[in-house]
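Think of it as A, B, C and D in the order they're written, each chain with its own count starting at 1.
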């Protein structure tokens, strides 16, 4: 059974009534709920726990880590980022959601600024499926309509993704590469744009299905850790 | 249950004693054998059958098509190539083996000459795993050692593959991108180099495992056929 | 001096007053005009000329071919498509504009249906620069605003482009990968979406600059034709 | 005129007679020599200079930075790595040579371990041209033969390169992706494998030509810095 750890900064929910009302159990609570219903073994971890809830023991038991953070990226300890980075390279899947684009771990894996344009305007968004044969879009159809979502616009300063899965349309005139896959070491990474803390995106069935599909896609197969370092010749 | 059709030109086996002795049931027979043992529902089809064994009915029931051809590529009827091409775009997986690089269907899907260097010299080959987290290499380890394989050397005139899975080393001094994935329409395509008709590559357990993995990778997920053509505006 | 051949179907301009008034010298005439001003050596060729104006002699003297076609794709002779295809593989650059997405040559190079959604609604379009360091976007800025352009929408059934350069936003709610590069053989290919026959896109200075940049990008460098076929070992 | 800064660790040359004899003016001296002859404006910088020779002023005047390091990667100050990283994202080209695969700057840009197999055995190497139409291989031909080069073998733990340019063959049985391009922010990066300190690779005319071509390829075109952050709607 695939083991998922849902990491959430969990600050907005404690201080902002609007967020609290939208996600009374925290964003991690809501994500856990639909992942558990989908049959995964789900744990949560949050910033204010010891080691941000990401101890070596927790990471050891994590097949796929989900990351939501926003206003406290800088409070994530570098040692924890190092541990998570190492686990990703060894094969732990990583799903980075929404404002997690600016997290230390995503920037470390990408090597770029991961910057973008943004605007909160309470307007709708449409996420187009650009890669209809990809397992991450199974059951999604041509697009996902969201009643409200924060605008994220290009240029998005990431390396060219290995696979471009979604491109979003915003009524203000912008576009955004809103679903992107990357491989780093043995780890598979999926960035997915929806999830502003005051909107109901994580209640949307298609958004949930994408995250469920992405967990299945990102979990490691029975793969090897290659040998590195000095190597004796195989041929005379 | 995934339904696999193994297509083989099946000419060498009828006329060449060495090939007959290596593959008494035909190359398709040997490939069928290990795919059946792996739990797939396997059918075979060969060039000299009516419609080359690839009737609309057969293609309709095929999740993944495997293609081995060599000296009679030109005898494959264009209409059959069209049907296979259409099915691939609709989501049928395609695994092209060895000299199938010069088949009409592979060239049509690639849009290039698919040409390469070659030499039969009865020497060994080593297929390096370049993409250790890919599902196609699950269980394979760092490389596959073949006692004998035909040399195929760069430059291999294909589009840049979506994913480079294997690179082969040959004792004569050549290298070759010997495992490559491509997406075309909804179809997933895997090219895999081993399989000269006089060598025992399809008895090699790792070669078999790669083909088994590739069938699982290439079969369609529950994906959509996008709508094309005139489209009414979604926004006023 | 880079030699450009601008190929145009040149039918709309003969029969439709609106197109005639927009492009009195033909779409090829307008494209030639700004390419000549940019310092290229420019020739034109059109469908109704002998061999569609694309004789072996013309192709021999063409570094980069530009292709605009729409309603008469099927009238382009297969032999000419073969010649153009062969020249692209040998290193001739190819820039496919707008409805050329459905041309025989583009479909042959892509291996897919190249289908898409479309709508003529006289509304505006915004072409976002997704790849700000690419030579094709030099001098373009963050986006190109067009007063009117035909909507082309995803899914666009092409192989994953080697490089994604532009993504378009349409007011009706659609997005489109409107600038894409591909390599096939030694040839570099650029697809660029603007250019509906009744709109003034080829008078737009930024659209012109993109095409000028693309010619410079697509022209062959001093590269080799690799040796193919039987190859003697380099090592004992 | 393109301004190149050649950065070299410059330690082996001071302590190892064999290296000193191979590169009496330092590896940076030899690289400078052929780049200057090619018409570039060349400066050098080395580890033991103040700020490793990479002051803000030097970086400001650098279009393309070349990086050779080996045994003292850890001595490069993090602040300098940050400055170089920032300049790359802004558009400075970066060419990483040989053991520079393990430099802080390359690892930071890649987000992976950049690990590999290696062996010094004084044997030859053959670098195959996999991408014959790329500007970096102009004038190179099908392969580069080196009398002696250190073996670097797969798996090479890098993200999938944007373009694979060279694959090396080693007599001990290994292969290696020895020429790879990447884009990060506005910066273009080229990794090139040859250049062990005791071998004469930087005297090889083809190796020199590749580096010259790569400088021309990596230098920024007239591109923009996109606007990031809060963004007002373009549409009502």
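Here is the rule we use: a contact is a pair of C-beta atoms (placed from the backbone, for glycine too) under 8 Å apart; a residue touches a chain by one contact, two chains touch by 3 or more.
Computed from a predicted model, the values in this text were never measured in an experiment.
S.K.: Following contacts chain by chain, what is the lowest number of steps it takes to reach chain D starting at chain B?
M.R.: Graph distance in the chain contact network comes out at 1.
S.K.: Give me the chains shared as neighbours by chain B and chain C.
M.R.: Correct list: A, D.
S.K.: Distance between chain A and chain B based on Cα centroids, please, to the nearest Å.
M.R.: 34
S.K.: Please compute the C-alpha centroid of chain A, do the same for chain D, then give the distance between them in whole Å.
M.R.: Whole-Å distance between the two chain centres: 32.
S.K.: Can you list the chain B residues in contact with two or more other chains?
M.R.: If we look for residues of chain B contacting two or more partner chains, we find 126, 129, 132, 142, 153-155, 160, 162-163, 171, 173-174, 183, 185, 226-227, 234-235.
S.K.: Which of the residues in chain D come into contact with chain C in the complex?
M.R.: Chain D residues touching chain C: 91, 126, 129, 131-135, 137-142, 162-163, 171, 183, 185-188, 220-227, 234-235.
S.K.: State the interface residues of chain D toward chain B in the complex, per the touch definition above.
M.R.: Residue positions touching the partner: 126, 128-130, 132, 142, 153-155, 160, 163-164, 167-169, 173-175, 177.
S.K.: Can you name the residues of chain D that touch chain A in the complex?
M.R.: Residues 89, 108-113, 115-119, 121, 151, 153-155, 157, 159-160, 162, 171-174, 182-185, 226-235.
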